[in-house]
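In the two complexes that follow, subunit A is the common piece, with subunit B as its partner first and subunit C second.
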Partner chain A sequence: MPSPSSPPRAHGPTTSREQPPSIRRAPPSRCSRVNCRPADSAAPDQLPSGNMIVCVAVVGHQNNPLYLQSFTEADDALKLHHVVHCSLDVIDERVNNPKRSAPTLNETFLGLLYPTENYKVYGYLTNTKVKFLMVTTDLDVKDADARNFFRKFHAAYVDAVSNPFHVPGKKIASRSFGARVSTIVKSFGSGTVG
Partner chain B sequence: MATSQKAARLGEEVWKTRVDKVNAELVTLTYGTIVSQLCADYDNDYAQVNQQLDKMGYNIGMRLIEDFLAKSNTGRCGNFRDTAEMISKVGFKIFLNITPTVTNWTADNKQFSLLFDENPLADFVELPDDGRAQDELWFSNIFCGILRGALEMVQMSIEARFVSDVLRGNDVTEMRVTLIRYIEDEMPPDDE
Partner chain C sequence: MGREVSESCVDGVVMEMVAAYCGRFYAAKPELAAGRIEAIGFQVGHQLSERYTMERPRFTDHLEAIKFICKDFWSELFKKQIDNLKTNHRGTFVLQDNHFRWLTRVSLDPAVENTDATENDSGSLGDSAAQTTSMLLYFPCGLIRGALTNLGIPCAVSADMSNLPACSFVVRIKT
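On to the complex of A and B.
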């Protein structure tokens, strides 16, 4: 394991398959938590209904993980986290090389970042460079749904960091944030927009 | 009850016409910062933090009562029950736009509870998960000091303390207010 002080640097897309330091750094402590699965209330009877979010993450502006939560039964947390961290490189790439036109100046929704065989990763970047990531098994997500999801997620995040006992830049330990995120994730499946 | 309705009307009117409003989140975040900073300064000695909040509240209350009297333009309350209604329906109303419920009177009319259905100070707040804060910290303790300070300036010596708080996982946020005595000797000399 690399020393925790090594800054989680972003790599180009070619190196993203090897785990950048931030990937290795995050999962070990998180996996044990994921296995105790606080989010399971959401999962069991909601088997793939088409729209399934399997993982959400909040990543700080130095690519430090602030919140990572998977919503699957299976023991694939590590894999999901790997996917999330790979996507960070894609975000960096997009942010550093904004190809597309200027009107995206205030656009926070980054769209589809990283399609794999089984998953699709969507991203969202706040103006404070905090990234939200969402991994879904649904390969046919509407952009509007994803946007809507991130809007709610952003609101939940804002409330969580407004807690005076939350230290900015530290992991989000709030239980109510966790509960709210589970609800949002659940409602994503129901396909309601608005 | 007549006084209660009258107080409610008065509170409503003053709130609408005579009070400058500020953004609620500004208040919430400012107060939250104060409390968390106190916790840091006193090394999470929550008993100390409660005490400091109470002290700060006391100093606020002593000044705030003047503002309250000027804005509400009310006279002396006939009894402690009226005082309670005034606190809830006018005091809390004009300064925070909330009206905590007055309830649980003791038979001698010297003790009541204020139930806070909403508490603007505690929005967003989640107490630290260190196993002690949930049992020791009264996050909104500044209210107790404010009431104590304000009522002391109008010749009432009271004791106020929280007995439950939704932040701690209780069902309600309840503050217990006890009248100790009317401060007769310090009545201002009759200069009429």
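On to the complex of A and C.
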């Protein structure tokens, strides 16, 4: 039954219909008002729809999970982790057979990895072979937004691993990293526009 | 050339770290002290390489990563690039810096050098002076090794200094 995933799906298209790209590029004051209203007025039940990213992950160079966090109220964490897990194979494939993605050769941003009916998975692979993954329910994400998100996410990661108490290759336990990531996730699709 | 306060602080920290490890913690075991200093450098290099490669595309081969170390990494650390890069194309690279910033303020005591030259008996004294200086190079060796390892290139790095402000780092990539 697709019951856990249907609420965000139902909200996703409606919000995107309310804000077509032309309106998103409207003057900042109007833009922010449009985006803020759902979060301010009806926060409890509309939170999942404003929060278009449902899961983020950082995976080390040996495919060891460094950070895995889902942002849904529904009990579908396992499903999201499965989606993340499957996407790792797609990254491996992209990197080892670069012919198929010739224009984006060696770029850190890998683009859309793995579209399913409910989710889209975007990937990012750093020079140090650390993989960043983002699962979103928004089915029309702009590449620039995703890129921007990963840039901030990567910056947060770099700051977290620069902590002398962080052990390389171990899970990131830093609470401030978690807080920073959830801020970035929340700003995705609202703060980044305009 | 202008010199900033923070730079003198780094100089001080590096020298004090070497002095502390060699003179206090592991006074009797210089190899152990060297290993510890190298490990600190490794961690720092590991973290810095993550930061400095943030905005650039992934490297395709070893040479590109080494060039990154020579140019961008070195510029970030020492405000200058490596002066000379040599390679045998079989996994060994020699990075030569003619004016290594962390060695510019180091000088051997001329009295020790003179006695070393005249009397063969006190050769150990001169040796220990050279050893103390070479201890300063374990940290930058670790920096290079940490950065390259994080970029997916396991390697061994050793340093060689012939005439003082100049020194060269030999990178041997493990296959």
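The definition used in the following text is that the second predicted complex is superposed on the first by the 134 of 194 C-alpha atoms of A that agree within 3 Å, B and C clash if a C-alpha of one lies under 4 Å from a C-alpha of the other, contacts with A are read in each partner's own complex, and residues count from 1 in each chain.
Rule of thumb we're sticking to: contacts are C-beta pairs under 8 Å (C-beta built on N, C-alpha and C of every residue); 3 or more make two chains touch, one makes a residue touch a chain.
No experiment lies behind these values; they were computed from the predicted model shown.
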Name the contact category of A:61: first (subunit B only), second (subunit C only), both, or neither.
-> second
Which touches a greater number of subunit A residues, subunit B or subunit C?
-> C
Have a look at where A:162 lands relative to subunit B and subunit C in the superposition and call it first, second, both or neither.
-> both
Is A:108 in contact with subunit B, with subunit C, with both, or with neither (first, second, both, neither)?
-> second
Examine A:175 and indicate which partner it touches, taking first as subunit B and second as subunit C; both and neither are also allowed.
-> first
Tell me which partner A:126 touches in the superposition: subunit B (first), subunit C (second), both or neither.
-> second
Touching both subunit C and subunit B, counted on subunit A across the two superposed complexes | 162, 164
Quick one: which bits of subunit B touch subunit A in the complex? Just the residue numbers, please.
-> 25, 28-29, 32-33, 35-36, 39, 123-129
Where on subunit A is subunit B touching in the complex?
-> 159-160, 162-166, 173-176
In the complex, subunit C residues that touch subunit A | 43, 46-47, 49-51, 53-54, 56-60, 150-152
Can you list the subunit A residues touching subunit C in their complex?
-> 61, 105-108, 125-130, 154-155, 157-158, 161-162, 164, 168
